[in-house]
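Each structure below is given as structure tokens.
What follows is subunit A paired twice: with subunit B in the first complex and subunit C in the second.
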Partner chain A sequence: MTLSQYLPTIGTAVAGMVLALLVAPLLEGVVRKLRAIIQSRQGPPVTQPYLDLLKLLAKEDLRVSVSPVATWGPPLFLAAILVAAGVMPLGGIMPEPAVADIVVFIGLLALANITLAGLGFATGSAFSSLGASREVMLMLAAEPVLFLSLLVLALKGQSLTFTGMLQAPVGVATIAAALTYLLALQMYVAKIPFDITEAETELIGGPLSELSGPRLAMVYWGIYAKQFIYSSLFVQLFVPWTLSFIPWPLLAVLANVAWVFALNLVVVGIVASVNPRLRLDQALRYGVSLAAVAAMALIYAAIV
Partner chain B sequence: MTVETITERLGQRVGEALLDTRTHKETRLYLTVDPAAVVDAADELFNRMQARYVITAATDQRRDHGAYLITHFFSFDADDVYVAVHTRVPEGNPRIDAITPTVPGAGWAEREMRDVMGVEPVGHPDPRRLVLPDDWPEDLHPLRCDFSTADSPAPVTGMEMPMKDIPEGAVMVPVGPYFPTQHEPESFAVFVEGETVVGSDYRGFYNHRGIEKLGCSDLTYNQIPFVAERICGICGFVHSCAYCMAVEEAAGIEVPRRADYIRTVFLELERLHSHLLWTGVAAHIIGFDTLFMQTWRMREPVMWLCEKLTGNRKTYGMNIVGGVRRDIPDDAHDDIERVLADIEREWTALAEAVPGDRTLMARLRDVGYLSPEEARNVCALGPTARGSGKRIDVRIDHPYAAYDELELSAPVEEGGDTLARTLVRLAETPIAISIIRQALARMPDGPVRAEIDEDISPGLEGIAAVEAPRGESFHWVLTGENNRPARWRVRAPTYANLQAIDAMIKGDVLADVPIDIGSIDPCYSCTDRMTVIDRRSGQMRVMTREEMLGSRQTAEHTGT
Partner chain C sequence: MPLAPMLESAIKLTSVALAGGIVAGVALSRWQRAAGWVCSLALAGALAASAWIGSMAWETGAVGIEFGHGNGWPIALHFSRLNMIFIWLVLGLGLAATIYSVRYIEHASQAPGTPRYAALRYYPVLMLFLASMVAVVCLSNLIAFFIAWNVMSLAGLALIVHEYHKPGVLRAGLKFAAFTLVGNAAIFAAIMLYHSATGSYQAHDGALAGLLGDGSPIAHLVFGLFAFGFLTKLGIYPMGDWLPDAHPAAPSPVSALLSGVMIKLAAYDIAHMMIRTTDVPAGAMMAWGLVLAALGGVSVLLGGSAAAANNDTKRLLAYSSVAQSGYILMCLGLSMAFAPVNQTLAALAFVAGIVFVIADAMHKGLLFLTAGSVLHATGTRDLVQLGGLGDGMPTTTVAAIAGALSVGGIPLSAGFVGKWLLFQTLLLGAAVTPMAAVYLLVIVVGSILSAAYALKYVGAAFLGAPAGRIAGEAHEVPGSMRVPQIVLAVGALAAGLWPALIVRPALQAWGYLGAAASPLADLRMGELLVPLGASGMVGGFVPPAVLALVAVAGLMALGLARLAGVPTREVPSWQSGLALPLAHTRLPASGWYWPFTPILRAAYREIPFPWTPAAVPVETDASDGS
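Then we have the complex of A and B:
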């Protein structure tokens, strides 16, 4: 294959990354505004996350640890998430030839989680370490749900590639998988009631507590982008018909983004506003029961 | 149990050692016992007669009596009697048998007695320093009269309080001295096995301001209320009110009835404000910021109202010995009613929603359990005691101000967990609203303060207690010369309730500790400091001050 055949793939990847980078802070800002309204507050302007990131990026680079994990963790965290944004479909479109399948995609996001946990352990602070171990535990609870619900689509689409999964026919199993994904979305994006890793009032930010300046900006940016990616993946894989009827790719991408905002306002933002934080053991129980539902959906998909 | 029966039974128990008895209006009993009989007297009162231990006070009486006066206070809540057990410890041998082995709740008070007065509690199970800074000299006792408030010992670095031994196989996680959800520095060392709490230790009093010392060395009777109300940032009125009532009782000053009603109104406004504040803080601790913001929005009009009534968003500057400094004008009644009606409406909705919120319930139910026995042993107070099934409320047990003429009840929950303490506060808020309405409706006309023309003579005693939002605030005043008390003792409710934390957090997981501590409604401040001992490697890591400074330096070196 020649390079020119890869051009659509590269183009989509670049567009996906740029979109995740540039739009994700706005998503965060809009959700913050919603929370403010629910809390009878005026709230910061929706552009506040951009200003936060710019301010942090311009700050002096202070580090409490000289370990390579602490040094390279934040860029690695952001990079893993951006690559994940690059290899996933965009606007319901997956150009051929694809360079990655969902296994790679899930691996990249897991890499991001592990990096965040590693960052927590590397800084040597007890808060960070506690947050890091919580991050690992939460990951062990959330990843099976993610993997099993995507596997249902893979089974229905007869392929582990995004292209195949986009073609998966709608059925009982895929609807069940979509529901478990939606119910676990709050866990994936680590928002209340699942902000257990950071738990400001218990661990003053957990793995983030020892970060500052540009490194903190990278991690925040990655967290915003992660929220965008998980929501975008739901829209494209589980409700692809909301995008597939749009003939123009650019418009499909815009619709994709609009859906992500709607999903975050209606689900993530509201759930985070009307709940307290769960304890780790309660969150793990929740994750395990969702994984059980996803497993049943998978078995059903395999049999029927 | 009347003062006569109490005196009689104590007389039978300690015999000749009961040196003197004196009563005041059948509700106060002042006894003097020989130092040798003090443990017997405490045992008789606390264990046999089931009195509640209140606090211990130490007074320097070397000039007049050549002795230190040690006073243990007890309360018979069902009978409206406070008992003060005085003992004089000779100045040459400042030692007294500790009552802590008999009355566990006296543990802190006797440590404090040793710190501030230098009277050794002999046989105290935990004789460590409590209130003085770690680097304070051993032989300097600030409440002794020969210590001047102008004296200040030179700071010494590297002094640290010895902590309790960590149980075998446990990890220590200190919560504090700055803690993200509390607003004052307090430090808990929490011992955990895995995630489960097995014990704890406490170091606090970082903000000890020596207010009691000021009260008997620098201030005058009418200056003290302004300092007293600054003991607490939330229940300030409680302290100035209790102080004034103690002086009024000692000096026999009759407070005009209208002043009693005005005090009642402000005490309940303060409770309203405090419970709204607490609900928000508790919600914030468990990450429920929407509830936090909404309750604080509801609370704000109370502060506007207080500003209108007192000139201050807090209820400051109102109390004075003999009454209050400002009247509540009749045209303010409508403003008050508007605020009350709004809060009542929103609070009803909130109180109904809480039991139905499953996530909230999951975080509150069955955590922070305090058994009724433990509650009695540590002498827990207020909602902390009432959440463990103990029906004690100063407003009902020892009526003061206008409470004897108003209808009120004290909600009690049997659960003993954080949920029970929450439900108690949820139920108390509408009662506070009802009390304010009753007080406004029945408020008699007349002056708001008594004219006091005579000096207050020395050697008189007065006890006053006020049911603060967190429990009983207890004040004892012994009048002195120079227009100021010889001793003014203050016991805020958190003093007792904090001692319950150890029992509460045992068996919970680490994530429950913040809400457990929060559930007694203490007030302290942000940013944790932790120490971790890895039980597998046995390696201990305590972030000391030097290490913290060191880590800052490392950061500066690696900075680009």
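Then we have the complex of A and C:
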């Protein structure tokens, strides 16, 4: 293989990254609006997150630490998430030939989590550090569920690539995996009741508390994009048949985006509106129970 | 054959360089710096000469030679692609650690309370330690191997107790001695039984696996005793419990060598003697392989948990070595299990194991050196007292971040390549044995634990706010200590960006052990593709392309910020409106990962060791309060 063969993949990936960057704030805006309606408030317009980001980008950058981690952390956080968005399929379009499989995909998202935690520790502030410590613990709760449910598909499809995972035949194990993924979605996107890292009311934003201006905008943007990625991954991997019959790729991408919005409104938005924040140990217990189910599904998939 | 005289001169050159190092260490012992530099020079010479041996071994797969036929005690040496990888690791990391030692040992021997002659014996013993490690991998006679193995253990012991005047060091040395004695006794018994079963002291490739072919209980006993001895050296829980005590006790460059290469020699012996593709009973190999892999899995989980809960820089890294040894053993065990039934899969597992060995030698060697730099600059190993060293020690900090990314298994680092290959192996392995699904579960949890302790090491020591005066006044270490760190950091990242650098030698080493089709597609563009399984492609990873994407995305992110072009201002951090110094309000390392710290800590139970009370300082815990 020569590197030029990977140019189409890089092209698709860049398109996917731009899409995630552009759509993610709207997703956040729509979910915010839904929460407002449920809580009998009028709420901000759905375009509010764009305005927030633009405003933050123009604000003065106040820094408590001049260490390279503080400088390069936010762009790295956003970049890792965007690359994850770029290498995953979108609207049934596979980035072929693949430059990354599911292990790399999860590794990139882990890089984002670790960067956020590192940013928190870098400030030296107790609020940030506590948030960072919690971010790592939440990773310990959420990542096994994510990884194991995706591995069920990989095992059934005999491949860790996105293309291969789609070949997984539907069965008891894959349905169990889909359910655990869906039940853990809130944990992946770290929304209420799993907003334990930021926990505005107790940790005043956790790792975000000492960020401001453009660097805060980058981190927010990354968090919104993560929401898009995890929802879109569910659509792509667990219910791909809802998109595969659409003949035009552009329409399939649109349908994919519509799916993501629906999923966010129904699952993320409603759960976030009617629940209080969980304690860290409660979240971990929830994660471990789901991971146990996913692990059983994985072992079942390996035996049967 | 024209090869023999050339090989002979290459071997003589290497031996002379190594022996010269020992002699120079003794002769120059009163001039510490000179001794260090001359020893480094000798090691560089040995490395160059061994490259010559390696070029011959690489061409044919393996070369052997016998010295001293006349006197009745012939010394047979063999050099294969596999053991050249280990010899280069020993000499390469040895060179880095010796250069690092020059200023480190000088500084350490000036500390008050240091015995007057402590520094004198350092370099000769260090050179003996390195030379014996080279001997361990290239001696093919088991008796000669056993002698070299014991010299290595004794030199290791002498280096571990080098600073015996410090509290806890002698106890750690005693524990190492006791565990090593038991492990070596098992190896000795195994060698005797092996001789009685085969009538030979020669250990060719896959000898122990071949022995299982006759199905006798003695064969299984020999296999088990060897495995016990090697696992003791490898640091696998529970027989390798000497490791978390010995590594912090030793001077830092020695810790780097103990962890980076000495324990890896056990992995060499397992790979060399226990993996065989033909003439072995598939059932027995499967059972042994899966048991060893399971023991590796236990170490991955326990070592990772203990590391994430620890607050001592070097002890944290030592527990991380337990976890990394677990990964190595899991890969080699899987290779052992799959070898008779599916050679391609066995090759993949073997490559993953060797990649872990090389990656861990680089990043663990590096991290122990950075821990040494912290000790050099601040005089403490306590993460609770450290913090904010990044401002005073920028080079060491960047090197530590590179090492932590690799040990944490983050994409585009060497450590990730090993983990990625292990995932591929296990996914394919599930078709052979459902146990693979359990191991998948183990490494998913293990990966998160490794990211957690890697972050803790870097975060608590180098990031954040200085805890007090000691950490606040830290200075960068001298150039001769910085250079080895930079070289190892570059190596760990380069191997992650272009995995062919370490994957290709490992693959070629397998090519000589077993003649299977390569499990990986060609590595020309630095890509890793596994064209196996029912789907035709198990996994693919193209690091240069992923790096290009990260660069594009990073430019996008920076572009957004640059468009605005806002001014920056430095401000104090927000302390709920109070004007408190950060040192008073910061979260100390002991409060990290609360409330799970006690659970993680309790997971690894130290093997009770009599005679002396525990020297481990009592760790204080702070509560998150959440």
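Note that the second predicted complex is superposed on the first by the 295 of 304 C-alpha atoms of A that agree within 3 Å, B and C clash if a C-alpha of one lies under 4 Å from a C-alpha of the other, contacts with A are read in each partner's own complex, and residues count from 1 in each chain.
Simple rule for what comes next: a contact is a pair of C-beta atoms (placed from the backbone, for glycine too) under 8 Å apart; a residue touches a chain by one contact, two chains touch by 3 or more.
Just so it is clear, the model here is predicted, and its values are computed rather than measured.
Colleague: So, does A:201 touch the first partner subunit B, the second partner subunit C, both, or neither?
Modeller: In the superposed model, A:201 contacts subunit B only, not subunit C.
Colleague: Under the stated touch criterion, which partner chain does A:279 make contact with: subunit B (first), subunit C (second), both, or neither?
Modeller: Both partners, subunit B and subunit C.
Colleague: Considering only the touch criterion stated at the top, classify A:179 as touching first (subunit B), second (subunit C), both, or neither.
Modeller: After superposition on chain A, A:179 lies in contact with neither partner.
Colleague: What is the contact status of A:239 with respect to subunit B (first) and subunit C (second): first, second, both, or neither?
Modeller: In the superposition, A:239 touches no partner, neither subunit B nor subunit C.
Colleague: According to the stated criteria, A:21 is in contact with first (subunit B), second (subunit C), both, or neither; which is it?
Modeller: Touch status of A:21: second partner only.
Colleague: So, A:41: does it touch subunit B (first), subunit C (second), both, or neither?
Modeller: first
Colleague: In the overlay, answer first, second, both or neither for which of subunit B and subunit C A:68 touches.
Modeller: Once the two structures are laid over each other on A, A:68 reaches subunit C alone.
Colleague: Applying the touch criterion given at the start, work out whether A:193 contacts subunit B, subunit C, both or neither, answering first, second, both or neither.
Modeller: first
Colleague: Which chain, subunit B or subunit C, ends up touching more residues of subunit A in the combined arrangement?
Modeller: Here the partner covering more residues of subunit A is C.
Colleague: Please work out whether A:129 is in contact with subunit B alone, subunit C alone, both, or neither, and reply first, second, both or neither.
Modeller: In the superposition, A:129 contacts both subunit B and subunit C.
Colleague: After overlaying the two complexes on chain A, where does the subunit B footprint on subunit A coincide with the subunit C footprint?
Modeller: The answer is residues 60-64, 66, 125-127, 129-130, 196, 202, 204, 279-281 of subunit A.
Colleague: Inside the complex, what are the residues of subunit A that reach subunit B?
Modeller: My answer: residues 35, 38-41, 60-66, 125-127, 129-130, 192-193, 195-196, 199-204, 273-282.
Colleague: Could you list, by residue number, the parts of subunit B that touch subunit A in their complex?
Modeller: 173, 180-181, 195, 283-294, 297, 359-360, 362-363, 509-512, 514, 527-528, 530-532, 541, 543, 551, 554-556, 558-560
Colleague: Subunit C touches which residues of subunit A in the complex?
Modeller: Contacts found on subunit A: 1-3, 6, 9-10, 13-14, 17-18, 21, 57-64, 66-69, 74-76, 78-80, 82-83, 86-87, 97-104, 107-108, 110-111, 114, 117-118, 121-130, 132-134, 136-137, 139-140, 143-144, 147-148, 151, 154-155, 157-161, 163-164, 167, 196, 202, 204, 209-210, 213-215, 217-218, 221, 279-281, 284, 295, 298-299, 301-303.
Colleague: Note which residues of subunit C are touching subunit A in the complex, please.
Modeller: By the definition above, subunit C touches subunit A via 387-388, 390-391, 394, 397-398, 401, 408-411, 416, 419-420, 423-424, 427-428, 430-431, 434, 436-438, 440-441, 444-445, 447-449, 451-452, 455, 458-460, 463-465, 521-522, 524-525, 527, 529, 533-542, 544-546, 548-550, 552-554, 556-558, 560-561, 563-564, 566-575, 582, 585-587, 591-596, 624, 626.
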